[in-house]
Structures are given as C-alpha cells and as structure tokens.
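Only one structure is covered here, and it is reproduced in the block below.
Letters A, B, C, D, E, F, G and H mark the chains as written, and numbering starts fresh at 1 in each.
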Amino acid sequence: MPIEFVSPMQDHDCSDSVGEQVLGTQPNAIFRDEAASKINNLRTQILLGKSDLIIALFGENKYRQWNTAMDANTAIALNKPLIIIPPEALHHPLKELSPKANVTVETIDQAIKVLSYIFDTNA
Amino acid sequence: MPIEFVSPMQDHDCSDSVGEQVLGTQPNAIFRDEAASKINNLRTQILLGKSDLIIALFGENKYRQWNTAMDANTAIALNKPLIIIPPEALHHPLKELSPKANVTVETIDQAIKVLSYIFDTNA
Amino acid sequence: MPIEFVSPMQDHDCSDSVGEQVLGTQPNAIFRDEAASKINNLRTQILLGKSDLIIALFGENKYRQWNTAMDANTAIALNKPLIIIPPEALHHPLKELSPKANVTVETIDQAIKVLSYIFDTNA
Amino acid sequence: MPIEFVSPMQDHDCSDSVGEQVLGTQPNAIFRDEAASKINNLRTQILLGKSDLIIALFGENKYRQWNTAMDANTAIALNKPLIIIPPEALHHPLKELSPKANVTVETIDQAIKVLSYIFDTNA
Amino acid sequence: MPIEFVSPMQDHDCSDSVGEQVLGTQPNAIFRDEAASKINNLRTQILLGKSDLIIALFGENKYRQWNTAMDANTAIALNKPLIIIPPEALHHPLKELSPKANVTVETIDQAIKVLSYIFDTNA
Amino acid sequence: MPIEFVSPMQDHDCSDSVGEQVLGTQPNAIFRDEAASKINNLRTQILLGKSDLIIALFGENKYRQWNTAMDANTAIALNKPLIIIPPEALHHPLKELSPKANVTVETIDQAIKVLSYIFDTNA
Amino acid sequence: MPIEFVSPMQDHDCSDSVGEQVLGTQPNAIFRDEAASKINNLRTQILLGKSDLIIALFGENKYRQWNTAMDANTAIALNKPLIIIPPEALHHPLKELSPKANVTVETIDQAIKVLSYIFDTNA
Amino acid sequence: MPIEFVSPMQDHDCSDSVGEQVLGTQPNAIFRDEAASKINNLRTQILLGKSDLIIALFGENKYRQWNTAMDANTAIALNKPLIIIPPEALHHPLKELSPKANVTVETIDQAIKVLSYIFDTNA
C-alpha cells in the first residue's frame, strides 16, 4: 500500500527535552516543559494537517494520554477520518470519544485491515 | 484522459460483511450492520474527499439507494461538482436533488462526454 | 422549553404545486416538478441553515424519502447536530446514515427527552 | 456582567444513565455507555457551539478528565477563546494543551477577573 | 411578514458622489470613481453579509449591471440563497448565472410569493 | 515559467452548443441555453477551483461579459488572487470590481510582468 | 445610529499590568508582559470577533503600533470590513495594508461619514 | 531536508519600484507606492498560501516592519504554523504577537533546529 506513516514524537526523552535542545537550559521544569511542548505542538500540527487519516492508539499505561485524546479530537474537528484503538480497560473514560471516531477497533492488525479496505479500489 | 475513477465499495456482500471481517463475528444483524457501515463510511469519506468531481448513478432497482443520494448530497455540501444520472422512473423522487446537481444527464455515455469537455483545455 | 420547530413543507400537494402557483402552469410534469423543487429547496435551505438541531423522522411508507435522507446528510455536512428516528424496518438501508447521526432514537417521545436533556442547564 | 454560564452535565450519575433514561435498559455496560455518551456529546456540541468563551477547569481527582481535555481542544479547533484552570499537579501532562489556550490561570477567581477585564469596555 | 429589506445604494448620483462627499474633491473621474466604489463595496458587503436571502433584479436598461451580477454571484459563493428576476431579453447573457440561482422568477410579485412560501411554517 | 494556463471555453459556438452535443436537441433556445450553461459552469468551477491565480481579461466588444465579471468575483469570494485587465472604456461600470482585485493592469504584457515577479523567488 | 463601539484596552497602564493584576507579581518584565498580552489578546479576539466593522486608527506617535496593524490584518483575514485612518507620515510603511482595507480615510470625521452612509438604507 | 524556502521580495528597491516597472511612471509617490504594494501583496499572498510553515524574522533596524508583523498575523489567521525570531529589543512591542506564534526563538540557527525536529519522522 502506498501509505506513509508519521506520528507524534515517540521518544519520550527527546519530546521532553527538545525545548532545551533548541533554546538552551531553561530556569525550571515549568519553562523546560513550555519550551518543549510548543515545539511538539508545531511538529504535530504540521504532520496531522497533512494526513488523510488519523489513527489514535491508546495504551494501558499509567499516563493520562491527553495528547492522544486531543490529537484524536483535532482530527474530528478538522473533519479528518479517525480510527481509535482503545484498550478494553479504558472503555468508560473514552466513551465520549468513541462515537465521534469513524471506526473503533481493538487491535493494530484490525486497523491495518481497515486501511486495506480503503485502498481496495478495484472491487 | 488522465482521470482515475474510484467508487464506494461495489461488491454488496463485501460491503455488508466488512465489519465482521475486521472485528470478528458480531452478536446480531444490527451490530453486523453497524460495524460494516462505519468502515464503509470511512472509506467513502476519504475517497470522496480526494475527488474533484462526483458522478452519482441511480439504478431502476428495488433498493432505496440512500447512500447514492447522500453521497451526492455530501458533494453538494462540500462544493464539489456533481453530475447525476437518474433513470427516468425516478424523476419525481429525485426532483429536489436534480437542481442542486451541476449537470443531470441520462446515460453514462453522456457523462463521459461532459468529462471530455472539461479536459478540452486547448479550445 | 424555548424551542421553535420548523420543518420542510409537510403538505404534499402544496409542495408539489408551489412551482405552478408562483410561475404559472408549466408545459409538463418535468417542468412542474423542477419549478416546485427549486422553491422547496430554497425554503429548506433557509430554515435548516437557521436551525441549531435537526431531527429526521423516517416513516414506514412507500416513499423513498430521499429528501429526509438528504436533509439529514446536509445537517452532518454543516456540522449541525442530528437526531434520526428510523422505523425498525428501515434499519438496513439507513445503516450508513445512522452512525453519522449524533443520536438515533426509536420514537418521537424519545427525541423529546433528548431535547429536554439539552436544556437541563442547571444540573 | 451579562454572562450566562452553561456546562457539560455535572451530575455524574445523570450523565452516565441518560442513555437508558431515553432508550430504555441496554444489554450491557458497553451499550449503556454508548447510548449515554452520544446524548452527552450532542448536548455539549450544542452548548459549546453557542458559547463565546470556554473555561476548562481540571481537578486533582482520580479521573482522566479526557472530556475536559477534548472539549478544551474543540474550543481551540473552532477558534473559540479558551481559559484553562489546571491544578499544579497536572502541569506536566497538560503541557501541550497549555500553550494552545489563550490564558492559563490557577484559580476560578482569577478566571473571573479575566472575564471582568473583557467586559471593561469603557476603559 | 417579519422581513426587512435592504439594498445597494439605489440613488445613482449619491452612489457616484459618495467618495467625494467623504474625502473631498478628487483629482479626476478615475479617482472620484475609486473613492466612491470602495465605500459602496463596504456598504454592500456589510448588508449582504447580514442578509438571509438575496434577490437580484435585472433591468432592461442600457447599463451593464455588473454590480447586480457580481452581488448575485457573491451570494452564491457565500452559500446564501438567491432569487434572480431577469428580463426576458437578458436570458442569453445570464444563462450561466440562472442555474446557479436557487430560483429564477419573472416578476417581483412572483418573488414575493416565494418569500411567503418560506414563511409558511405552519403547513 | 512553470505555469499552466486554462480558461473558460473560448470557442463561442462550442460553448453555446455543448448542451445539445451532450443531451441531444433541446425543445427551444431556452433549454438549449440551460443545458449548455450548466456544463460550462461545471467546467469553469473545476478549472477555477484548481487555479492559484485568476486573470480576468475584459474586451471592448458589445457583449455584457457577465461571465468574466462573475468568474472574477468568484475568485475574490474564494480568496484566490485576481488580476483584472479592463479596457479604458469600461472603467466606470467596473469601478466596484477594480478595488476588489489584487492588481489592475492595462495590457496582457503587464499581467505577464506581474507573473514573472511572483516567480522571482531568488531576489 | 444603533452602533456600539468597543476597542482594545486604551488605558496603556491597565493593558500592561493586567497580567499581574490577575496572576500576581511575575518574576520579571518578560513574564509580566507575557501574562498581560495573553489576556489582552483574549479580550481583543472576543470583541473583534463580534464586530461587524473594524476601524483602525493609526497615530503619529513614537510607538510601532504593531497591535493596530495586526488587528487590522485579522479583520482582513476574517473577511470583516475594515476602514483605516493613517496619518500622512505613515503612508509609506502602511502601503501594503492600505489596498487591503475596504476604505482608507484621513480623519475620524470621514470615518463617521462612511458609517452614516452604510446605515442610509432608505435611499 | 526537502524544504523549499520562499520569501517576500527582499530587494527593497525592487519591491518599491515594481509598480512602475509594470504600469509605467506614476504621477507621484503615493501612486508609485500603491501600484507597488498591490503587486507585492499579490506575490506574498500566493507564496504564503502555499507554505506549510511561516518564519517571521524581525530585525533591530529603524523600520516599523509592519509587513513582517502582518504576514505573521496572516499565518495565524490561516492556521498556518508560525515561528517568530524577534530581537530582544523588540520584546515589548511584540508581546501580543509572541503568544500567538507556535514557537518563539532567538536566532535563525534555533529556527533551523526546530525545522529539523519536524522532519525527524523516524523517532
């Protein structure tokens, strides 16, 4: 399939430190975070804006995963098609997001099957 | 002509079963339909969103063809040019759609002639 | 509740004859329909454009109800909230519309309950 | 100040049960949630769409508060002005939201002061 | 009917001289026209932007009536409903505008009948 | 310069007869015109929608040139850059269009110079 | 005339100190400015968003008046009608803004005359 | 990096004289400026409209740099990502622009680092 995948910065340390890598050491954790988050937002805005389909994969980890939820929500607001892959344990807190997504699947393999179906243009 | 044609899934069985093919067997016909329709909607939204011109071909069959009518209507709402090809017997129920379309023709051949005229850029 | 309800023209004869009532007798049924449908479209566009919420009620009658389906679809395209009330027998042909609607209910009374919930702003 | 405040449904039980209150008992928790969340989404979409300014108040509770984050994000996507009030402990997970908001304050009283400043049109 | 009618400046002399009335005598006819047209455009943009329905009345006079054609065209581009009233003699040069209008009528009385039909919300 | 020029159909006979060439002989001049104009509008909408810059060339002929004026106006409504080339004799009737255009020039050569300036990206 | 005038905060001290008035003393001038400017931006966004017409008055003072230029520019980007009142000495640096404005006048009195002309709906 | 940089016309003389180069000698400085600025605006509108990211570099010179401020502001209004590079001395007059930008950096090198981070899609 002629698909190119991009994603928010996945390297957590890189994402947290990019502000200081660009602007130099910041006075404290608040400013370190502010500098980093602005650059992460810029990066995500450009890549998401160029995407034809957004896939939001939630994990069962300890993190609140607000960025995943917000990027999924931005896809909806921009009328970009959205597939979400939530773990079963997060069903209840994600119940308002789920019906706004185009498709909710349970595994990455299922999301790949949906992608294949989109590109099946000879049927 | 440098035109690529795409369409909603034309294989009726494939369209009806795609939900179960992706998500596995569903509890009943309602959920089977819901799973399938969401994936069909996702596929149509992406392909229609990338199209420069929508051609809606209605048949004289027993089906209500709501998807054809609604996809045509989406083209109008998105300001995408629309050609409709209705059978004569459906003139009255389609009378509100017809004046919203850019062009109404009677046969596929006539639609092809319209396409040729668009690409006649040397005239 | 401070709600005002408007609707497409419900008087079928009035809807079909409005073109001739405005423009005079037309040469044949095709032109009679075209004249009427343009005025009906104008009326629906203005009223739907001013609405905060669209409720699409499908019946179990013989009609194809394309206008209901298309007006519901226009609500979706304009990001206007949409409640649909389909009869059980039309579940399958409406399966692509249903997940695009905000809420699908089975009776008018249920739709009224949803309206009440929206205006419950003191909770 | 001539301000009217509306909010998402604050009564947690009411929010969770509204689907069954409208549609009757659902087969299981998943469908109970789906029915409720669609109606909550409809209600929030209408009220948020009519608002001139969104204030997102995060708490220090155990909940993931994805709805608060997503409603805040919708405000940004719709170019509606946004004030967020995050607790200090949530600074890091909200660091990508904070620079997208118009104003970040620490208390409700501070948000009220901002509202007063907006309406100070005689200065 | 609770309708308010506004229009582009109908007083031809007033329309042509408003630039000099605001800015003082201009060096020549070109600048006199430029000063006037900018103020006329501002006035029309505000009034047309607040209108729910545009009615474009063409006359059988010697003028080219480009402003009428362009204001009608702006209504179309803004998705504002449009009724045009062309004289029979102008059918051919207006043939590309006519199918873009919602409704084409022959007399002002007919346009009034269409307005009445829109406000017939009890039918 | 890597520029591709397209235009509305310039062959007047071809433009007037395209409706009958597609749909067959029409009952009278009105329907002949309606059939042709819809196809011309479709063609222009697609080509204008894909253009980065619109150049509207007015002539000193007897025609009212409403299509030129309306296509120029559509460019403005779509925020597409617009250059107009009016003959001196049409200054007064085009006075409301002129200040809405980005640039008004007097000759085709001058328009070409403007194009060259846009592509001078090394300066 | 039934006009309500609002403006960005005109009290320079109040505008510069509002951040500290809401959030308390800030560590240094940079943060004092950042806190204030975000609240000023919020206030201007709401008021400008509700305005039907923007009037940008430039002064002959020492300030760079970037906010005036940017608010004028926002009006243009939002397709809101714009009148600018530049002092003669600022003609050259404002030459790119001037042709984007709807109307450029030299005095406040002239701007008032333009307003009167807009509301002259009986002519 | 597969990046193409374009910019407003950097050659100050070329920018100021382009109107006369296209249209011939103008009567005075005002018209010379008006002719030039319209062509500069057209050029900037096309190039900025095609850009994925805008970088606004302010200098410590005597100029008011309104065009830089306004082009930055247009990027914001069009939801195009924006990096600004202000000199320290201009912090205060640019304080309302800074929080609207995605990222504020101090040097061109830092802006390049941000660009590198965007294209780091393998992380």
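Definition applied: a residue touches a chain if its C-beta (ideal position, glycine included) is under 8 Å from a C-beta of that chain, and two chains touch if they have at least 3 such contacts.
Worth saying up front: this structure is predicted, and the values here are computed from it rather than measured.
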Magnitude of the superposing rotation for chain B and chain F (Cα, nearest 5°)
90
If you tally contacting C-beta pairs, which pair wins, B-C or C-E?
B-C
Measuring from the mean C-alpha position of chain B to the mean C-alpha position of chain D, what distance in angstrom results?
38
Centroid of chain C to centroid of chain H, CA atoms only: how many Å?
48
In chain C, the residues touching two or more other chains are 38, 41, 99
If you look only at chain A, which of its residues touch chain H in the complex?
6-7, 9-11, 14, 18, 21-23, 38-39, 41-43, 45-47, 49-50
Contacts from chain C onto chain B in the complex sit at residues 29-30, 33-34, 36-38, 40-41, 63-67, 69-70, 72-74, 76-78, 90-100
Counting only contacts in the complex, chain C reaches chain D at residues 52-53, 81, 83, 102-103, 105-106, 110, 113-114, 117-118, 120-121, 123
